[in-house]
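The structures considered in this document are given below.
Common to both upcoming complexes is subunit A, partnered first by subunit B, then by subunit C.
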Partner chain A sequence: MNEEIKETGSSTHRSILIVGGGIAGITAAVEAAESGYEVFIVEKEASLGGRVAQLSKYFPKLCPPYCGLEINFQRMRGNRRIHVYTLAEVENISGVPGDFDVTIKQNPRYVNDRCTGCNKCVEVCPVDRPNTFNFGMDTTKAIYLSHAMAFPRKYAIDDSVCQLTDCGKCVGACPYGAIDLSMETRTFPLKVGAVIMATGWKPFDAARIDNLGFGRYSDVITNVMMERLAAPDGPTGGRVVRMSDGEPVNTAVFVQCAGQRDTNYLGYCSGICCLGSLKQATYIREANENAKVFIFYIDLRTPGTYGFFSKRVLDDPNITAVKGKVAKVVEDPGAGKLVVEAEHILSAEKVSVEADLVVLATGMVASMSDGRPNATIGYDADAFVLPDESSPGIFPAGCARGPVDVATATQDATAAAMKAMQTIHQARG
Partner chain B sequence: MNKNIGVYVCSGCGIGECMDAEQLVALGSDEGGAAVVRTSPAFCLEDVQLIRDDLDSGAVDSAVVAACSHRVNADVFSFGTAFVERVNIREQVAWSHPPNDPETQEIANDYLRMGIVRAQKAVAPTPYTEAHERTVLVVGGGSAGLAAARDAARAGYDVVLVEKGASLGGYAASLYRQFPKRPPYRALAPIDVAGSIEQLQSLPNVRTLLEAEVVETSGQPGRFTVTVRRDGADELITAGAIVMATGWIPADADTFDAYGRGRYANVVSSMELEAMAARGSIVRPSNGSPVARAAVVVCDGKGDDRHRPYGGNVSSLVALKQALYIREQYPDSIVYVLYGDMQTPGPYEYFYKRVQEDEGILFSRGDIRSVTENGDHDVVLEVESTVVGGPVRLSLDLLVLSEDMVPATADAASGALSLSYLQGKELPTTKFGFADSHFICFPYETRRTGIYSAGSVRQSMDLAASAQDGSAAALKAIQCIEQASAGAAVHPRVGDLSFPDVFLQKCTSCGRCMQECPFGALETGEKGRPVLDSNRCRRCGICMGACPVQVISFADYSVDMLAGMIKAVEMPEDDEDRPRILVLACENDAYPALDMAGIGRLQYAQSARVIPVRCLGSVNSILIADAVSRGFDAVMLMGCKAGEDYQCHYIRGSELLETRMQNVKETLDRLALESERVTVAEVAISESDKIPAMIDDVVQTVKEIGLNPMKGF
Partner chain C sequence: MPTTLDVEPDLGFKREILGLGAQDLTACYQCGTCSTVCPIATTENPFPRKEMVWVQWGLRDLALSNSSIWLCHQCGACTTYCPRSAKPADVMAALRDFSITHYAFPRFMGRALNEPKFLPLLFLIPAVIFTFIIGWLGHLSALPDGEIVYSKFMPIVYIEVVFIGALSLSIIAAAVGGVRYWRAMNSDANDSGRRRLPLIPTLLTILKHRKFKECASEPATARETHKEHLYKSHLLVFYGFLGLVVTTTAVGIGIYAFGYLTPWPFWHPIKILGNVSGIAVIVAVAVLSYRRIIDKEKAGKSTYSDWLFLHVLLWTTVTGFTTEYLRLADIRELAYPSYFIHLILIFVLLVYFPYSKLAHLVYRTVAMVHNARSSPGAEAVPRMLS
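Then we have the complex of A and B:
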């Protein structure tokens, strides 16, 4: 792989631009490159991996996402047809299938490819920043490595907090001359034959749902935060505890459809959140053998063979799925507990559960709901990219196309890579 | 063969501050006999040129780079075909052990010794490049097969499409409408099977064989030989790779016994309703009269364990679609949709909302207690636990049951590739009977290299998903063809040019390698000895681990090489503070986890000596016996999770290890040694935090049972 942190490499028409370096983008890149095509990944963060790198485990196997990422990164390391631009965004795509002109904007990393990953810079950096990878639950230094598996393994500087040349301690500490505080944003052209939009998703802003208490009570967290809590390299070292006082979680409540299937927020179903909560119920149970878990849902969406996973999780007598819609979450300040009020759908009775931790199963929002490149791309009303003639030569993959799980995203990415390859073959032979 | 080895010791990233690089230099030239030894404060920067120059000038032919893990800077330390051995003294020594400590220095010294042995013994592999067939064979002409054939052809590959029926299109041809395809996702979409077939037939490089079936498949990626039978005549087709898109079949009719199917005239399956809708005549089958009251039941498998432990992917959507069919034909009708959990993920939620808006469609959760028939052939349904309580009695003109989609592989006669593989005729399936990959991250990877499944034979799915699946599987087929023609492995050891070589003169024809290969790469040859189909091989080395007489090896990976590395470790004599523990770590998960322990600067016992292996399944038991007789106090086999949710990239590695451990215990018993000396440690790649304790536990065990009494023999 060519880690294009410095100057741009050459580009050809027999190449594919992949916008986004999450699991869909990585998969499309590896599959196309191993089939003989040149690929350029443009990733806006400092390292690849996207949302899956933030997950502790995948359903239904409860296996770590790093396992698959490692194999994919290993495949990328050995493949010179794969080029990666990090901290970069696509500004403009013009042209026709087989012959696109792309403009890429790359933000300064302030660290060049002489970086060996030795960590000496971090040891001297005086500035802290909220760790966005951990949803602000801890901090990193202004010069940071996104996470333990960060790939490429090169540090980056967050220039929204770094004092740059006013400080410069890291420059002196780096033995290899890898830090360059004079780096600037650069814009450069690329010619490609086809484009894959693998721009993924971002979590829905749970603070928008007033009655569920997110942002007001620290023990109301979202499902994505839960993943970081459970991750061994997360802010608590994998300890699943209450955010307010670090105490164990004896009762946890999962609130399904926290925004989804509600035309006030997200009209669609996110498809993965029921399975996500079933999985996270196992995190709670693993952390505390006496813990009780309640999952309030409208429909438990576990299509196909995932029904097997659902059964396996719900076989645990301490995990209960309740067909009911949560009305509100309030705090009982005296008891230091949260109270979840819900309506039981079948009996139409009100139920109320005391909880140490409330997890909101929020949905996936299309990344393309803002910051779209200037290009001929068709979107639906929810900002998902349409896989049809409204985007000629441009193919969506994974959550850019719709909210899907990892397994579907990898299948989708493989199919998108095939579409891109045949577009190029048809146009250029 | 004596090689000219160059040893390059890096002192960057804290290595120089942790250990004496000069000791490594001396070791390289004296003990290691290196032709050239150099040091640098950072070999990954400008000084990499020194290595390149030594190789270019012929001063050395192999490079041993003692620096960072092979998991970083792979592109920097790559010099054409020259053998490069990476000795990991950064992540696994300098970053995980106390600095300037003789025991830490000893780890680095041992790792360099091991690296030199490996470089001495490794031979550059000569790839197998005899398989160049580039045709893609697609079996099955339904949605998935049509898409696979079309896309492979449009990407420039010749395609042969084999369909057992008289026409293409599969089930799509018998469906009336499909689920909404476009925003606002409210309207059912037409199905243009004829258009898809026409598009395919316009491609000059597609050959379609109808009423044809595969009667035998042999060979390997890049050179499959497939016998196709048509009109009683056999034709041999050579293909580079195969897409299996044989689709689904309805479950046995008795699946729906309790619902009166086959017993009551007005109980129909969803496929029967499709046919009626396509004709524009949905009626009561008993007397052909109109339908005023109907029920559509979502059989999603929940609470119904009699047949299978999972639900359908599409049955909810089928029920919604068919409720609309009935309402379309009979605007005054009432249609009940009975369901448990409505499965309408993603934008299909909008479709669900649209159906809910129809006042003639009534939704209720409910469990069906009984289905009977009255004298007029009305279907009488008793439902419990509905929204209005229960039980509720419904008298219906028509009851529609969603068809249960079973993969075609469930019927041996319906879609088999008839593989002429020693390990069996069928494509291995997952626990659910689907010819699917076991891996979330790596779809389409079946256990028969070069054969990729697509569509409902892989998972139950709708038409759009099947077409998508066909495209993706076509890519995998193309990719396999490209790799096979270069003699290179496909996933996960992509590009590996080595393959197992069997020293046949010493083979005892025990057959273990042929049985244990997860991919069926070895067939029986003359005198019961193994014959390798190189391009089926994924290079895991499980055959090498299996062989009781150690006659299987790779050019750059062998029992002899691993034994040499074990032997290279300097064994302290009878020093209780300096036990030695051999850690054989799987390169896929355990070794990266050890690296990450170093990156996190976690410290673990200095007695561990780590050797990466391709898979724990590649560890031959003789190596463990060897290690113990060389004086190692304990051996840890560090690998991934076994069992139903196994993570082994080679399917069976961790499973086989369990049986092999039995042999190991017997060996230890024979040597009168404690069996606790050999342990299996399961570690996930994300669990680097657990590694120090895991190794400490073994150190503790050694303390308790004492040092290996074989030491010094």
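Then we have the complex of A and C:
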């Protein structure tokens, strides 16, 4: 891996821009680079890994995603054809297949390659910021490492909160001279032969849903927050407890299709949340052997070959799937519990559950719903990138194209890498 | 054990409901959001989710034999929260519309009030009756002389004969419709023994508009339903209408029991009650009509029978006032015709009540009594799962 800007020169037509350094972008990068192509990954966060890095476990194997990410990072480390720009965004893409001109804007990290990740800077930093990696459930200092397994393993400074030279304590504390507060935003051009849009997704803003208590009650969380809650490097160190009082979770409710398949919010099904909630039900049960879990669903969707996973999880007598969409979550102030209401469709009666924790299975929103590069790229009504008929030489991969699970995203990324390489091959004649 | 249900879809029924302003129903995917956000649906009888599938599957008998369609007071929370924009409130309204026709006695009258082609006939019947009386009295060629006194034009006794006669038939017809609905509900409900009919509590609920109030004060429905006005506007039209009924009754008693002939002076308490009630009805109908027009996308469509009823109620009241003021202004050539039209409108409003939207007086009351009897004290506290 090489972080320096290469003179692209003669290799112009043998290079691929990959927008987004999540699992799809990384997969495409490794595949293309190992096939002999020059690859530029542009990632807007301070480290790679995207949403996968935030997961506690994968379904259906219930293994940690970092295992697979580490393998990919290792492949990247050994490959000099891969160039990574973090804290960077693509501003502009123009040109034709085989010859695209790209403009990249990279925000200052204020930390250079001498950083060893020793954490001395954090010890002296006086400023806190919400930890966006943990969805604001805890804080970091203004100088931070994205998360325990961050790659590249370099600290970064959040200049929206840091006082920079007015403070400068970290500069003195760093034994390696790795902190450079004079770094500035820079914009630079790249020439590439093809583009892969691996821009991924972001969680739906659950605060928009006005009847499910999110934002009103701290024990109503989203499925992505649940991943962080269960993760060993999460805000509670992996203890699955109530965010309000740290008490154990005796009863948890999963609200499927929260703000999804809903003409008021996301119209589509994200296709992974049922499996996600089934998986997360096992987190609750592992944390507390007496815990009860209710999964309220409209249709329990386990696409493809995942049906066995649903069966396996629901074999647990303490995990109950209830057909009926939750439409009301209120707090019982006396008991400090959440009262979740739905219609039990199969018995046609109104039911409720007193829950310690409510997890909203919110959906995947296309990252490209805002902050799009200036380029001829087709998007559907939900801001997912259309296949390359509308934008020759630019290929969507993974969740940029539509909501998919990780396995599908990696297959899709491999296919996108193949298409990008074919495009370049054909353009070279 | 799951029970087996023989589904015999009545697709004609489904089509008719769709045609009564409920065409978005087919988008429903049975999630139950509607029943959950409904402020008045009870634990054992949540609605309108099951009503949606009954219509989708053409299960006419189930849909028409449940109290729920009339327990619903059309607050619109279901439509506001529906994730499919399937507008359950429109379906409930269409079912009520349909059930009035369905339980109508004689059946033809149910159709007559719901199909525009019969509209002229509805007005023709009273027009012919009153024209005949006027002709009989010789007022067709010359209006009565002197001070305008409507009983000179149309003696009270003729009016009483026509209205008491016709309304008696209407009340019998309404009773038949109500009994049909009651029996249908009985056949469907798990009725455990005989209990006394909770008439007084139901009457109090209606007089206090308790259900409308519950609909309007539901904390979980933070979203605008565009039906928030209904508690106040229905209260106004209800008491306005009641005031006019009281006025008419009091005038009748005054005439027959005390020989106190009309017109009564302007300051008379009953006269004041009549005027105030009339204004209340006009204001309420204006509000209801205005909201139907401006909210039609969000709060639901209005059907022919909705507008027919609102118009008849409005113009009945308006012609009541024009009749009163034309008399005071002493414009004979307009005053008597105005009275004539007023009588026709009253006839249409009252005599056809078992078949128009006004039939909700019967059906909603029957449903509320039935519900109060079969599940006394039923509250909206859902069954707890543990």
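Please note the rule applied: the second predicted complex is superposed on the first by the 419 of 429 C-alpha atoms of A that agree within 3 Å, B and C clash if a C-alpha of one lies under 4 Å from a C-alpha of the other, contacts with A are read in each partner's own complex, and residues count from 1 in each chain.
Convention: a contact is a pair of C-beta atoms (placed from the backbone, for glycine too) under 8 Å apart; a residue touches a chain by one contact, two chains touch by 3 or more.
Quick caveat, the model's predicted, so the values are computed rather than measured.
Student: More subunit A residues touched by subunit B or by subunit C?
Tutor: Counting residues of subunit A touched by each partner, the higher count goes to B.
Student: Quick check on the superposed pair: does A:314 touch subunit B, subunit C, both, or neither? Answer first, second, both or neither.
Tutor: neither
Student: Classify the contacts of A:349 with the two partner chains as first (subunit B alone), second (subunit C alone), both, or neither.
Tutor: In the superposition, A:349 touches subunit C alone.
Student: Considering only the touch criterion stated at the top, classify A:243 as touching first (subunit B), second (subunit C), both, or neither.
Tutor: Neither partner.
Student: With both complexes overlaid on chain A, does A:261 touch subunit B (first), subunit C (second), both or neither?
Tutor: A:261: touches subunit B and subunit C.
Student: Touching A:77, do we find subunit B (first), subunit C (second), both, or neither?
Tutor: first
Student: Looking at A:294 after the superposition, I want to know if it touches subunit B, subunit C, both of them or none. Which is it: first, second, both, neither?
Tutor: A:294 contacts subunit C only, not subunit B.
Student: In the superposed view, which residues of subunit A touch subunit B and also subunit C?
Tutor: 261, 299, 345
Student: Name, in rising order, each residue of subunit B that touches subunit A in their complex.
Tutor: Against subunit A, subunit B makes touches at 12-14, 41-42, 44-45, 68, 71-72, 74-75, 151, 154-156, 182-185, 300-302, 309-313, 316, 341-350, 353, 365, 385, 387, 432, 434, 439-444, 459-460, 468-469, 471-472, 474-476, 478-479, 482-483, 490-492, 494-495, 588-589, 592, 596, 599-600, 640-641, 645, 647, 649, 684-689.
Student: Using the touch rule from the top, collect the residues of subunit C that touch subunit A in their complex.
Tutor: 29-33, 35-37, 41-44, 46, 49-50, 81-85, 219-223, 380-386
Student: Can you tell me which positions in subunit A touch subunit B when the two form their complex?
Tutor: 1-3, 23, 27, 31-32, 34-36, 56, 58, 60-64, 66-72, 74-75, 77-80, 114, 116-118, 148-149, 153, 175-176, 231-233, 237-238, 261, 267-271, 299-308, 311, 323, 345-346, 380-382, 384, 386, 388, 402-404, 406-407, 410-412, 414-415, 417-419, 421-422, 425-426, 429
Student: Could you please specify the touching residues of subunit A with respect to subunit C in the complex?
Tutor: Of all residues in subunit A, those touching subunit C are 210-211, 251, 257, 261-265, 292, 294, 298-299, 320, 322, 324-328, 330, 341-345, 348-354.
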